[in-house]
Every structure is written in C-alpha cells, then in structure tokens.
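Heads up, the next two complexes both have chain A, just with different partners, chain B and then chain C.
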Partner chain A sequence: MSTTFLPCGDYHQTYAQEHAWWQTKFIKGKMICLFLCLFVFIPLVANDYWISICNMVGYTILGALGVQLLIGYCGQLTLGQGAFIAVGAYVSTLLVLEFPWPQFMLDWGIAYPVSVLVAGIAAGIWSVFFGLPSARVKGFYLILTTMAAQFITVDFLLTQYVSQIGGRGQAFSLPAGTIKLGPWVIDSDLKVYYLMIMLVIVFCVVISNLMRSRVGRAWVAIRDNDISAEVMGINVVKYKLLAFFVAGFIAGITGAFWISNLAAISPEHFPWFLSLSLVGVILIGGVSSIHGTIFGAIFMVVVMELLQLAVMPLADTYPKLLMDFLFIKEAAFGLAICLFLMFEPNGLAYRWWQIKNYFNLWPFSY
Partner chain B sequence: MKSRILVFLMSLALIAGIFSIYACGEKPEKKEKAKLAAEEIQIGSLNDMTGATSDVGKDYALGIAEAVHYINESGGINGKLIKLHQFDYGYRIPEALTKYNLFKQLKCVAILGWGTGDTEALAPTVARDKIPYVSASYSGHLCDTAKTPYNLFFATDYSTQARGLITAWFDTKWPKNPDYGKRKPRIAACYMFASAFSSASIKAYKNQAELLGFDIGPDQDVSLFAIDTKSQILALKEFKPDVVLHTNTVMSVAATMRDAYALKLGADHIIKNWGFDENLPKLAAAAAEGAIGCAPWAFFGQDAPLMDKVIEYAEKYNPGIPLEKRTIHTVQGWASVLGLAEALKRADKAGGLSGESILKNGFETMVNYELGLGIAPVTFKEKDHRGQSQAKIYEWKDSKFTLLAEVDLKKRWPDKWENEWLGW
Partner chain C sequence: MELFLMALTNGIMVGGIYALVAIGWVLIYKCSGVLNLAMGEMTLIGAYISLTFYSMGLPFLLALLVSLIIGLLLGILTERVFLDKLIGEPALSVIMVTVGLSFFFRGTIELIWGTDTRVFNPPVFSIEPITIGMISISEVYLWSFVAAIILLVIFVCFFKYTRWGLAMQATADDEMAALSLGVSARFVYAAAWAIAFMAAGVGGTLLGNINGLNISVGYLGLLVLPAVVLGGLNSVPGAIVGGIAIGILQNFTGVYLDRFFPGAVKEVAPFAFMAIFLLFKPHGLWGWERIERV
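What follows is the complex of A and B.
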C-alpha cells in the first residue's frame, strides 16, 4: 500500500498488508523523522547530562524488553531479570579482561563484540535453567523460583566466586580503551548512546518480528491459556523455555552493553531492586506492548529526573528537599504503579494507542 | 474521569520539570543574578540517606551541610560562597552515575562523593573530566595517581587502617595472650563480599597478617544489612580466631559482635572506621567492651581544634537532633569539606578554579597540612594520594574511647610503604 494515509476503517486485503512495517508514506516519514531525531537531533542538542539520562532510558528499555517478553507475551512471571543482566555483564567483562585473545583480535576490536554475543548466549542458557520450573509451576510460585536466580547468581556465585577471580576481592576495573567495537573505542557517553540506540532498535525489531511469527503466536497462546495451547498442539514446555532463553539472551546483551558505561563492575551493580523495577517499568508502560516498554522506561527515568529538576529551584528555600528526593522518587514510583494498576491497567501504551486513534479517525471519531 | 486526573497530574509534573530546566539554565537578562552566581562556587555532594550505608551516611551528610554553612559564614572561598548541591543516591551506582552528570551540568568544580563502588566506577570519568572528587570512600585503590589522579580524601585509607589495626593488636594485645610465643596468632575477617567498600582492604589485611606471621582463617560473608550472623560465628568457632577484623558499617558490625559475644567466640574485635563509632556501644552493649577500631578523626564532642564549631553548627542548623545522637561521622563530613575548602582557597589564590588548578595548586600543595578535628597532618603528593601514613587506633573501654596506639606504617616499613603498598 503506498497511500499517504490509510482510509478510515480497515481496508487490508492480505495478512502481509496488515503486518507490513511501512503501511503508508506518512508512517515511513514519521519513522524517518524519529530516526533523525535519535541519531542527529538528540546528540546535537543534548549535553552530557541528558545523554547519560538517555543511556539510562536505553538500559532500562533493554532490561525491560526481556521482562516484557516473559510476562507480557508469554505470561511467565519473573523477578530475576537483574541476575541475567549480571551474568551478561560478568561474562563480557571476564572475556574482555581475562581471555587470552590473540593480539590481532584485540587490535581490531573484535574481542568486545564477540564477548557480547557469548554473554547473551551464556545468560540465555542460565535463564533457561531457572525457567525449568515453569514446566511445573506458574504464577506466584514461578515468581519465587525466578527470585532464586537473583540470590543464587548474584549473591552467591558472582559474589563468592566470580568476584574473587584473580584474587581481586573487589570490583573488576575496565581500563579506558578496553571497550572497542572494531576501530571504534567506546569511551564517552555519546558513544555509549549510539551503541544503545542501535541495540534498542535491533531488539525492538527482533521482538516485533518474533511476535508476528509462529513462535510469537505460540507464546501468546500459552499466555492466554496454556491448556488450550497444548490442546492446539503447541509444545508448551519448549516454547516457555524458548521464551526464557530469548529473555535471558536480551538480558545478557544488556549487561554486556552496560559495561561500556562503567569503568568498574561489582555485584553491587545488580541488586534485586533492579529486577523489581523492570517489572514496574512494564506495568507502568503497558503489558504486552513494545511501546509500553519504551514508555515505561521513559516514565521511570526521564519523568523522575524532570521531577527532580522541578524541585531544585525550591532547594534554596527548603535545603533538605534534594536530600529527600530519592525517597520522594521511590514513593512516586510505588504510587505510580498503584495508580496505573487501578486507573490505567493497560499502561501508557494504551493511552498512546487512544491518542493515535483519535488522530487517525479525526474528524469523525464517533 | 479518574484517568484524566492522572494524565493531568503527570502533565503537570512534566511541565514543572520543563520549566525548571529553564529555571536551572542561564538567564542572561538578569545580570545581577548572573553576577551573584559567578561569585558562587558550585559543589556537588553525593550522600547515602536511605541505602545500605545510611546508618552512617545520615550523620556524614549533616556534617557536610553544616560545614559548608560554616565556610560560607566565615568568609567563603576568598569571598566567594559555596553553593552546595546535595543529593541522596541511596547507595545505588546507576543513580550515582546520573547524578555525576547532573553535577557537571550544574558546573560543579568539585564533588564530595560517598561509596567505594560508585567512586571506583566514576574514577576514570572523573580523571577524564578533571573534576576533583573528595570521597568518603577511603579505599586504597583510589590513592595511586597513575590510575585515579583526581580522587582524594581526608582520612587514613582503608588498607592503612587494616594494616594499622592488625599491627596495633599484634603489638599490644597478643603479648598478653597466654599462648603468646607458643603458636601463631589466628585472625579472620567478617565483611560483605559483594560490597566493594567492605572488601576494599581485604588484600592488604591478608598481606599484613602474613607479614606479622598470623594464621589466616576463612573469610565470613556478613551483609551490610545483617541482623543475624550466628552461622558465620559458628563457622569462626571452628577456626578459633584470636582476633576478628570487621570492615562493614556499624549496624552490621554490632550484630556480628553481639552474636560473637552470645556464642562465646572469645576473640578480640578490630574494626575499620565506618564500623567504629558512638553507636557501636549503644547497639552492641556489653559485646562492645574492648572493641578496637580505627578513627582518623576525633569523636564528636572530643577535645580537638574546631570541635567547638562542629558542635555550634550542629545546634544551629539541626537543633532537632540531640547532640548525644551525633557521631564521629559528622566530624568526617567536616573534614572533607574543610580540606576541600582549603584546596579551593589555594587554587583560587593561585589563579583559578579549574579542576587541574584545584588539584595541582590546591590539594597537591598540602604538605603536613593541619586540618584540625584531631586528624593527623595531611600530605598529597603528585604520585601518591595517601594523605596519611598513621592509623589512630582507639579502644572502647570503661565506657569511653581511649587511644590505644598510633601506628605509622611509613616509619615502620618505609620500603614497603614507598614501593609496594600504593594503590591496594
């Protein structure tokens, strides 16, 4: 279809048309503008502070995408995503620092990209291990088994053993210039930003495509009713474990990406609160929606930062306001989850969909 | 209707935020304000009021704010006032990273930092941006200027503390042990493995214990949040240590000492500075008797230069907090601010407040600088940011802190101090 706007109503005649990425010229133009904004406008106008905020948003999106896949699309509740991010971060760090790479691979900047890929696969396999109980249990019980991932991985294995590799007993430090993608040394917030944008786009596209495939439909069927899915011939255990693998893979890549923003890595970077906040992100943004993941991450990071900037001018009059802000921020986060669950259970994505529909149907919205 | 209210409230927050970006930005039309702002020196401060180390972080944060008031009210930095931007980051490293960038946006010339994890994570960025970073992390890893040129602190570093504590115990307590001369003394450590702060001096502790001929027992993982440590104490009982080193903060240390007392471990306790304060005897009660700790500063209210000001400003700016509840961490906060202020004054006189000038014309011109507050003289060298080689060791005995020993590592092991021990 090559019209600028879709006519009012649904005129798709084939599934291919309905699932097309670029349905109209308007959508194509809109996406080009978005890409220009992400790759040109933001790096041009944003200072280091806002770029670092964007990086936090990207980190949150990448972290929450796996949670969205598990909870939103496959119906498998998880509170252990932080552990798989940690696995990715540690695997990548250890490979970059400790693996005996041939010199040419270090010179050509191949070590880090290879470590990212291995980190994704390692975290995926580790995630499958903790997804095994999903064959037998679900709901609240599955939450508990995924929580075990945090305690076993971060509090036990990473803390007691991995952190002690090389007799360090402290944070692994990543010297400047260690993180290289080919000739591109990632040593500034802006470079991390570009890497983050590329990863976010790639994973959003991959998950969107997965959801349009046989695998995605199987996941949705399992989410909606696993017994019916099994009756339809879907291998429920296989697809559940596949969901855990993909979510873990994304988490692993997220962790491996995040080390490019850190000069040192320690288990303190991956508290249990991280897993909890990622679930909060999709609750606020909207479950079963990639848009929701993005909106939730923006809400979690940007809105909270704006709130902080809003109270800063008041700090002259109330000096303790800034010191109390983290408390206010966490209270606001908790309150936001409660309010969204009560008044907008479909999250920000639903609001976005309504706004979009309003304009799509304008001026005959009735 | 309700969802509309929600949307309205969110929009309001967004608009307020956007407005504040404008409010925080430059306003060229108001020359008067701009001039005033030019006379202000922006300083950022990261503190932990709600996180894993908040048991000691609250008092430190109060000390920072009160000391800045004192500096401003006694003439500022050569007439310029300090504008303090103080944030609680909840001991979360990602939060610290974004706050650091916010400080950069606010044009802070120096930063007062907190934890070891975030200070070490930020160290290369700080070096790249050339922003002096005076932390409350006294990790030995931050002293080697080849790696962390812009990190400084006004205290005895953790590694020197650990070495000093072991040495003081070895010199004063071990000879009184009935087994002295018959066998090697036994030592073990309790700390949170996952915490970069708690584990920062473990390598130095083991090295020093080997140097003095100790048998080293298995490390025990004790969380900073620990309230029950019986399993760790039972594990230690197998080893029968003569002395246990603690490197956590005070609540965790008190919990461990209580359990050690209840289970009759029978060992002495040596404690790094963050676990050894006025709250330890309150929390550990009888178990605290005989506890030995490192305190590079005077305890709150002790007789020391400038302590009268510390008390005066505590009463003036935080009258709601009784003085008997204040601790040595307030004094630590003061030490960080006074040290930074002195560096700023020197740099300002020498021609500028750029990061490089503050480092070279400020901090690195301090040779045996007497700060007051009971802290040993401070010296920062171009290649060595260990401010002090002395560890002041106190003992809690008969309901008071008594100076037990002053161990000067540089005097005792000059070669190792100069050539081996820097940076870990």
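What follows is the complex of A and C.
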C-alpha cells in the first residue's frame, strides 16, 4: 500500500491492484532485502548479546501491537496490556508443566504450540471481560478499568493464588527442553529469535490485513467518532469487544512466546510498568501505525541499551552507578515520553513518512 | 461489634488522608482538565522531603512547612515546563505525559532516596493507642485525620472566600467566561498544580508516619483514583466522601474478607470495586454527565 516510486497519477485498473501489498518492483526488492537481513544477516553477524536485545525488541513489538490495535485503531485507551501478557504466559506455563499430556504429544512436541493457542484464547476472553465497561464508558474511565485489570490479575490472582499451584512457591521454573515446537527444542537465544521473527511478521500481516477489511474499517470509524459509527450501522459494542479480544489474543500469544526465553516466570515479570511502557512505545513510535510500533519498540529497547553502554564505563569510578542504573533508566524513559509528546506528538512514524516523502518528491518538494 | 467499630474508625481516619490527596487530584482536573496519573509519585516526593528535613533535626511541623513550600515550587515548575505546552492536545497525550512524569519522578526518587523503607525517627506520634469508649485508635491515625480535616476546611475556605480561590472556581466552571472577566487561566493552572502538590505532600507525610516510607507508599497515592471515580471526577465534596468511603472499604475488606481470600485483598479491593462501579454509574455520585453531540 505504500506508494514509493509510483509515477504521479492513478494508474490502477482494479481494486486488487490498489490494495496490493507490494506495488512496485522497488518495494518488492526492499522487502526481500529486509527479510534477508532479518533471517540471514542479523543471525550471522550478531553475537548472543545483540540477539537477546533483538528478542527484547521483538517482545516489545508483539506486546505493543495489541496496544496499538486498541488505542491506535479502535480508540479504546488501555493501561493493562501487561496483565493479559501475564495471563498468556501463565496459562501456557501451567499447561506445559501441569497438564497430563499423552506421551505421544510430548514426543512430537505438540504440547507447547497447543498451549500457546489456548493461552491466546484465554487471554482474549480475560481481556473481553475487562473490556465490558467499554460498552458504557470511554476515555479516562476505560483507563481505570484496564488499570484495575492489571492490579486484579497480576498483583492479586497471579501472585496470591496461581503461583501456589504445584507448590513451587513464587516462581515457576521451566526446565530446559520443556519448550518444544515439534522436533525443535527452543533452548538458545537464536532459536527464540527465529520464533520471534516469525511471530512478528505473522502478526504485522494479520493486523494490516484486518485494517483493510470490514472489521478494521469499523474500528477506525469507532475511533474517529463512535456516535457516527453507530448511526452508520456498526454494532459498536460488538466491535469494541472484538478489538479487546484480538488485543488480548495477541497479548496472550506474546506472553506464551516469551516463556520460551525465560528460565522461570514470576509475577515480577509483568509489573504495571510493563503496561505503561507499552503505551509509551506506541506514543514514541506513532499512534495508528504499524511502522510506529516497530520504531517505538526499537527506540525504547535500543536507546535504553545504548544508554547503558554509555553509562557503564563510568561505573568503575562510581560503583554506585551500577545499582542505580535501573532508576536512571526509569527516569530517562519517563522523560523521553514527556519530550516526545511535547515536541514530536506524531511520533517517529511521522518523521519517517516525512523523510520518505522528501526523497519521493525530490527535487521538487512542492 | 468491637471489630466492626475498629474497622470503621480506622477506615474513616485513613480515608481522611485519601480525601486530602483526592482533593488535589480533583482540583487539577476541574481547573485544567488534566487527568493526573502521577499523584502517587507526588505524594512520595512531599513525604520524602519532609522526612529528610525531619531527620536533619527540624521540628515536624517546620519540616512539613518546608515540604509544602518545595511542593509549591515543584508544582508550578511541573505545570510550566511539561503541562503548559499540552493545553488543547488530545486526552491520551496529556494522560501519558503525566505517566511519563510519574516514571521520571519515581526514578528520581529512587535515585536520591533509594528503595529501602525509611521511618520518621524519632517517631512523631507515640505508639500508645488512645482509647475512646470501647474503641482504641493509634495516635497517628487520629492526628492524621485531624490534620486532614483542618486542611480540608482551609481548602474549602480558600475556594469560597479568597480572590484566588474564586478565580479557580470560575475557571473550572467556564473557562471562556473567566478569561473574559480577567482571570488568568495560566495562573490558575499553575496554582492548581501547586495546591495539588502540597496536598499530596501532606497526605504522603501522614501516610509515611503510619507504616514507614518506601516506594510502595506511592501505590497508596493511586488509591485516589477509585476515590474520585466514586465521588465524581469534578466534585470536591465527592472527593472527600469518596476518599473516606475507599478508606472504610479497604479496612472492611481487610477485616472481613481476608479470611476467605488470604493475601492482598485489601490492596486490590478498591480497584475491583472501581471496575464494577464504573459498569453501573460511570459518572460517579456527583460528577457531571456530559451529553455528547456529534
């Protein structure tokens, strides 16, 4: 749908042409280069440290996609996405560890994929449950209910009750080799990386396709003006709840995927900070844009990592810095959100679009 | 029965502190339409400042006064630097700026004061409970409640009888009309933030006296959200009633429901209550219900 290097004017003859993903040879080449880079180049050159950073970026993208769908496309403000990620992670872990799988399913490695799907659906339903007030309220009030979702789910249910299942205490440890995808045991960062890339691509495609279907247009209509949307015959409540379900589903899959990267999961992995920072990611990247989600995630993870690299050499002289870095990071992230909203309210995606347009129209930019 | 009365009085006493912080929140919302999620961190800042000065040997009231003055300055500074640019932006941006501010404040607090629990040492209030009739209340609770009530009365007088208070009421009621009568809206916004910061500081100091001060006291500051939802977002009496009601609710769930749901039911109950309450009466008890037109 991008129009890079398309000649001036409208040459499309069918709707299918107009909606095509890759409209020009240039875009096709660009995307193939991108895929080559993602699948071959990065695993080839990056060491373990950078691969784990990439995994973190992917996790942030996946988590933020659900937020993007709710806030950016459907206009339902949410601050509780972390809760649904946690639900996904816990459902998947519990299924893998506690469910009496038949032996052949364990041998063939079907247990984990099935648990991922179940986790997605469970998190989706849980999300719809907390999205129910959206039928009556919107804006700030919805923020409060989703916030309640975070506290009820993570701080109460997961910490107090679910963590007690099986008598393991606070954390559920995942022994090596438990996470098996078919014959493929996911036990190294690189394998997590491939899984992550697949999931990110699949979900980006799913959301972009949803957005050019009836469902997506209904969501955008609700975002822009829900009363008008209702007048036009859109079942507002149904589509709002559908948005909550899809966002929860994505969150559930994200959580279930992320357990493959963790040796043990505990409620501390899903604090309220996570939910807030996911909203921060889409605001930094740009609301209502999948590009924006990706840029925001990269910015958030990589810039924070660079900050760490910049600060660490000083740690030899000031040993206290090593301990305090977490706090510096928190403050810097908060400041980054504030500054972005004040000086670049449209996010990085807008800046990207401007740069692209500059080259598109060059040398006559008017 | 005794248990019931104990829970009720303790609830009312703690609720007084919540009400105080909630008034600050409502004030910001009424005057400038900003939905503030940094309230928890604002209580922390005020509490830590007064604790620092108290540990340096100042008398408690003087330390509180210093924290009020610093709160005033910080409030004006915050409004001028961060919120002033965002007048007229969509609600999400403004809310997220306050979220960003809360991260920033929290990181700074942890950087300066660390994460260990600190107590007011020597204790400001004696540990001996005061017995009235058949109920006994610890002195901290009683004094906190008294302080909260005094401040509430001061606030109410300020809004009713002073020129600045009237200007703030006018702006909250109708910004256009207030502007045309010569009220400076920018001044009112700054004043609202300053007052909110000061109220939060007093509330935080009192909360810090009860169980010591660490970063999780900021979470208690978040309890203003259920309180203001219950009372209605733009109602000062609603904030008082809501704050006290949330305090009572918290103590009752702590006393009666803890048996059935062991653990943190006391902390979660206000939020669960808020989520259910929003389903039935989203505009609170006394909030304005805005009629939407296309």
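We adopt the following convention: the second predicted complex is superposed on the first by the 338 of 366 C-alpha atoms of A that agree within 3 Å, B and C clash if a C-alpha of one lies under 4 Å from a C-alpha of the other, contacts with A are read in each partner's own complex, and residues count from 1 in each chain.
Please note the rule applied: contacts are C-beta pairs under 8 Å (C-beta built on N, C-alpha and C of every residue); 3 or more make two chains touch, one makes a residue touch a chain.
Everything quoted here is computed from the prediction, not taken from an experiment.
Trainee: Tell me which partner A:173 touches in the superposition: chain B (first), chain C (second), both or neither.
Mentor: After superposition on chain A, A:173 lies in contact with chain B alone.
Trainee: Now for A:306: first (chain B), second (chain C), both, or neither, which partner does it touch?
Mentor: After superposing on A, A:306 lies in contact with chain B but is clear of chain C.
Trainee: Look at A:324 in the shared chain and tell me whether it touches chain B only, chain C only, both, or neither; answer first, second, both or neither.
Mentor: both
Trainee: In the superposed arrangement, does A:47 touch chain B (first), chain C (second), both or neither?
Mentor: In the superposition, A:47 contacts chain B only.
Trainee: Quick check on the superposed pair: does A:261 touch chain B, chain C, both, or neither? Answer first, second, both or neither.
Mentor: first
Trainee: Just to be sure I read the superposition right, which of the two partners does A:344 touch: chain B = first, chain C = second, or both, or neither?
Mentor: Touch status of A:344: first partner only.
Trainee: Using the superposition on chain A described above, determine whether A:159 touches chain B (first), chain C (second), both, or neither.
Mentor: After superposition on chain A, A:159 lies in contact with both partners, chain B and chain C.
Trainee: So, A:85: does it touch chain B (first), chain C (second), both, or neither?
Mentor: A:85: touches no partner chain.
Trainee: Pick out the shared contact residues on chain A: the ones touching chain B in one complex and chain C in the other.
Mentor: 155, 159-160, 273, 324, 326-327, 330, 342
Trainee: Which residues, counting only chain A, touch chain C once they are in their complex?
Mentor: Against chain C, the touching part of chain A is residues 71, 77, 79, 130, 132-133, 136-137, 139-141, 143-145, 147-149, 151-152, 155-156, 159-161, 225, 227-228, 231, 273, 276, 279-280, 283, 287, 324, 326-338, 341-342, 345.
Trainee: Would you pull the chain A residues touching chain B in the complex into a rising list?
Mentor: On the chain A side, the touching residues are 47-49, 51-53, 56, 59, 154-155, 158-160, 163-164, 167, 169-171, 173, 175-176, 187, 189, 261-269, 271, 273, 303, 305-307, 309-313, 315, 319, 322-327, 330, 339-340, 342-344, 351.
Trainee: Which residues of chain C touch chain A in the complex?
Mentor: 35, 82, 85-86, 89, 91-93, 95-97, 99-108, 110-111, 225-226, 229, 233, 261-265, 267-268, 271-272, 274-275, 278-279, 282, 292, 294
Trainee: Which part of chain B faces chain A closely enough to touch in the complex?
Mentor: For chain B paired with chain A, touching residues are 2-3, 6-7, 10, 13-14, 16-21, 23-24, 47, 49-50, 61, 65, 85-95, 97-98, 101-102, 104-105, 117, 120-125, 128, 141, 193-196, 199-200, 202-203, 221.
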